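There's a structure below that I have some questions on.
Per-chain residue numbering starts at 1, and chain names A, B and C are given in the order in which the chains are listed.
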Amino acid sequence: MAQHTLSELAQVAGALLQGDPSRTVDGTAALGDAGPSHVTFCVDAKYVDALLATRAAAAVVPRGLELVRPELARPELVRPDLALLVSDDPNRAFTKVCALFATERPRPDVGVHPRAAVAGDAVLGAGCAIGELAVVGSRARLGAGVVLHPGAVIGPGCVIGEGTEIHPIAVLYAGVELGARCLVHAGAVLGADGFGFEPPRRLGEPWTKIPQSGTVVVEDEVEIGANTTIDRARFGITRIGRGTKLDNLIHIAHNCEIGAGSMFAAQVGVAGSTRIGRSAMIGGQAGIGGHLVLGDGLRIGGQSGVIGEVPGGVELFGTPARPKREALKHFAAVERLPKLLERIAELEARLAALERERTPTQKEHGA
Amino acid sequence: MAQHTLSELAQVAGALLQGDPSRTVDGTAALGDAGPSHVTFCVDAKYVDALLATRAAAAVVPRGLELVRPELARPELVRPDLALLVSDDPNRAFTKVCALFATERPRPDVGVHPRAAVAGDAVLGAGCAIGELAVVGSRARLGAGVVLHPGAVIGPGCVIGEGTEIHPIAVLYAGVELGARCLVHAGAVLGADGFGFEPPRRLGEPWTKIPQSGTVVVEDEVEIGANTTIDRARFGITRIGRGTKLDNLIHIAHNCEIGAGSMFAAQVGVAGSTRIGRSAMIGGQAGIGGHLVLGDGLRIGGQSGVIGEVPGGVELFGTPARPKREALKHFAAVERLPKLLERIAELEARLAALERERTPTQKEHGA
Amino acid sequence: MAQHTLSELAQVAGALLQGDPSRTVDGTAALGDAGPSHVTFCVDAKYVDALLATRAAAAVVPRGLELVRPELARPELVRPDLALLVSDDPNRAFTKVCALFATERPRPDVGVHPRAAVAGDAVLGAGCAIGELAVVGSRARLGAGVVLHPGAVIGPGCVIGEGTEIHPIAVLYAGVELGARCLVHAGAVLGADGFGFEPPRRLGEPWTKIPQSGTVVVEDEVEIGANTTIDRARFGITRIGRGTKLDNLIHIAHNCEIGAGSMFAAQVGVAGSTRIGRSAMIGGQAGIGGHLVLGDGLRIGGQSGVIGEVPGGVELFGTPARPKREALKHFAAVERLPKLLERIAELEARLAALERERTPTQKEHGA
């Protein structure tokens, strides 16, 4: 197990060390789980109590945390055994510390495992690692250094760029193209049929399947989460832009185009033929309707439902989704609704009192 | 690669050709992806600009598109190289064009792949194709022409009707029955345990698992999307009716019965023991509560939440779901809410002004 | 096939038998599917018509059902062939009846199937059953009696407690720890990378992956549904507490901690670093935001969206989720909104009438 001194950690992380530079640690752990050989991490003031209680040897913290808890300015008084690595960018600092301890994640050995099933006419680049029970179909072409974990299934005619890693039992249907340096997690399914049927002409007659003869193209450096599904196009291409990251259990329907550099949180669903611009950020469980064109730099809150076209750069929230500012105004208005009912009842009573006060003459005149 | 003349396409599609009948094309593509050997498709007026910019040789379009853009009446003037295939039913017309170019999707060869694991007492009909690393359990019975793609797992005692195709790593637990001519996509799981537990008698005690001893029966011509899950019944049968189509990542809980000819979009969830009538159309991410009986011909909007019984033929929307007309009325009312707050504040001010105007005598009288 | 008399059933179930004690049955079935050799189950008054129409030999029913339908007090008059097993706790009674007929679910044979791929340095406890095409990685340690169904993939260095059963093609990434007597359903993925990226410093630059070097720890007696995903921690542990039950298609993000004895219905999503107390009950499709601390004994309604911290013991509903009582008040207020619009329009008209009635002098005074 790697051991590093706190002094080394401070240097790697670009952090200011408060504590014993010669003390060594051998790994990272969360505040509550850490033991005396661990370095931990606290970026949020609400976890300061956990920080003061941790058994860790050291913690990466943001500069200024002592403003929240003055005792942190002199931690040696409250926790003489806890060193602090103070950073202006603690997230990046801790990522660098983690990298120091990260052991290479196990991968299949380079070569083709004897229990894998690789078609005779498939083409494998240099240094590919094909794990146990992985399947590579006829005429598939894998770039240099592609890694297939156990049970991954690459359909006939697929093309995979160099350095891409595919986790267990992920599936590429025939003809799907995946770029270089992509990461596909377990159980993801790329290229299943889009969901397209001609409606019955008469009730009770069957739906007629519309052939889904297109494909899926995933550009370079895309990450696809576990059990996420991306359907093949009816015709043409369902496309995921370069550098986009999709979390788990997401559904991307046929003929969608997702712009480069986007981030989709888990369980998002996008209906068919929708085009989303670059650098979109979509919150978990949001749903986006079909046949929409959405602009660049869009942000959509969790569980929102988008049913209309949206220009670039806006932040949406709610179902139906509207600009966040407006959505919050509506939420606040709904919040005041029970009180509003009381105010209206009061208005009615006061108005009725005024009306009763009118002289008979006024009443006749008013009627 | 198949080549066809535009004249052939017009005949197959039942469309009127405006353009050179002898020009040949060799495939289909989307408006933006198409090259000069492709036929493309434009059914929506909002894509007319893309139609005028496409590099395709020809496009299937609806009759009347020239009413939106008069220049389309004489396309040879604006795009002399673009032929139009004009149809009253462009969706079906284009489907026929696609079928002309569709290459047979690759399938495992007929027979049992040497790397598959088929139990000695399993019964395989004529012409079955069992792919690499597929598993067929003891006493399973597969009808004629069943196709198992690589890694599909058919549990002991399952029964599969003729012509059904099962994609990679889909799983049928023991005893599940699947009809004829079904299509099951990758990663779908049929027959996992229903989610049933007796609550603890006292807080802190464990939940007690209720045995899920029923099964799943899927009738003929059902399509099941990638990573969709259909749980086995507690006792009896979880049933999917004939011809029903389920999209990806759907959850159907134990003891549900889904009527024939229904369409469920992606990520729908149905809780336990609910019965849904025939020809239901359920939008993406909708949720349906447990122990409900819903009528035939139901339509439910995306993301809706159904918590009560619903007769047949209605269209529901929202959470809690209500008839669409009513739901839209409520959405509109919420829309007017911030304005309403202003109107009420104004009413209060005006009423207060009137009250102040009253003579002291009137006030005493009013009190 | 096992046969039992109704007298035996009554004894096992602790139920009162109304009917022929010597009649035999050989299985359980739902009201509508049952034949004359079955025992069925009716716990809800709304199914009484189905009960009176069932072909079953006997039905387990709650005491007091005859109060709803007096004819049930003397069923021999209306359905002389239908015996009733009357119980104060019909759910548990029927579970016991089902157990009587339950046949052992088929499992792989004890030992390692010749088509499985078990690493030479993996350690298997006594009585393990490793099915066809299952994979066990290097240095993995399986306790006594662990069952791996076909295609399950256990990564290098995983630890699995005794008696745990893992269904087909479920995946444990490297280093994941799973307790004793757990049940993992098909397609579940434990230990895929958490979804963590440093944002680009400038628009258009790539997201930087934050290494996810932690792991997943699942305690004893946990059940995990089909295609559910539990991500590994960024550092430290994503933890599922003892005895917790997760339904299908659930997403648990990195660094979450789910308390013991909790129940999550299908399609729930929990964002990163959220801690949920013990004995939580979460309804289907609910979403819970990241970095929250939620108390013990929480109940959250289906489709709710939790975006703030919540103490223990409360019941939440809606998006944004609020205490159920309050949420119902808000739903009711929205319900009255269209009517409210009418009331306000009427108030405005009446007030305007009063204002018109004022004498000129009053108007000047009022202005």
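The rule is short, and it goes like this: contacts are C-beta pairs under 8 Å (C-beta built on N, C-alpha and C of every residue); 3 or more make two chains touch, one makes a residue touch a chain.
Note that this is a predicted model, so its numbers are computed, not measured.
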| item | value |
| --- | --- |
| Same or different contact residues where subunit C meets its copy subunit A, judged by the half mark | different |
| Rotation angle (°) superposing Cα atoms of subunit A on subunit B, nearest 5 | 120 |
| Subunit A and subunit C: spacing of chain centres that average the CA atoms, whole Å | 23 |
| Two or more partner chains touched - positions in subunit C | 133, 151, 169, 187, 227, 249, 267, 285, 303, 334, 337, 340, 344, 347, 351, 354 |
| Subunit C - residues contacting subunit B, complex | 28-30, 33-34, 41, 44, 46, 91-92, 94-95, 98-99, 101-103, 105-106, 113, 115, 131-133, 149-151, 167-169, 183, 185-187, 221, 223, 225-227, 243, 245, 247-249, 261, 263, 265-267, 278-279, 284-285, 297, 302-303, 331, 334-335, 337-338, 340-341, 344, 347-348, 351, 354-355, 358, 362, 365-366 |
| Interface residues, subunit A side, partner subunit B - complex | 117, 133, 135, 137-138, 151, 153, 155-157, 169, 171, 173-174, 187, 189, 192-193, 195, 197-198, 200, 203-204, 206-207, 209-211, 213-214, 227, 229, 231, 233-237, 249, 251, 253, 255, 267, 269, 271, 285, 287, 289, 291, 303, 305, 307, 319-320, 329-330, 333-334, 336-337, 340, 343-344, 347, 350-351, 353-354, 356-357 |
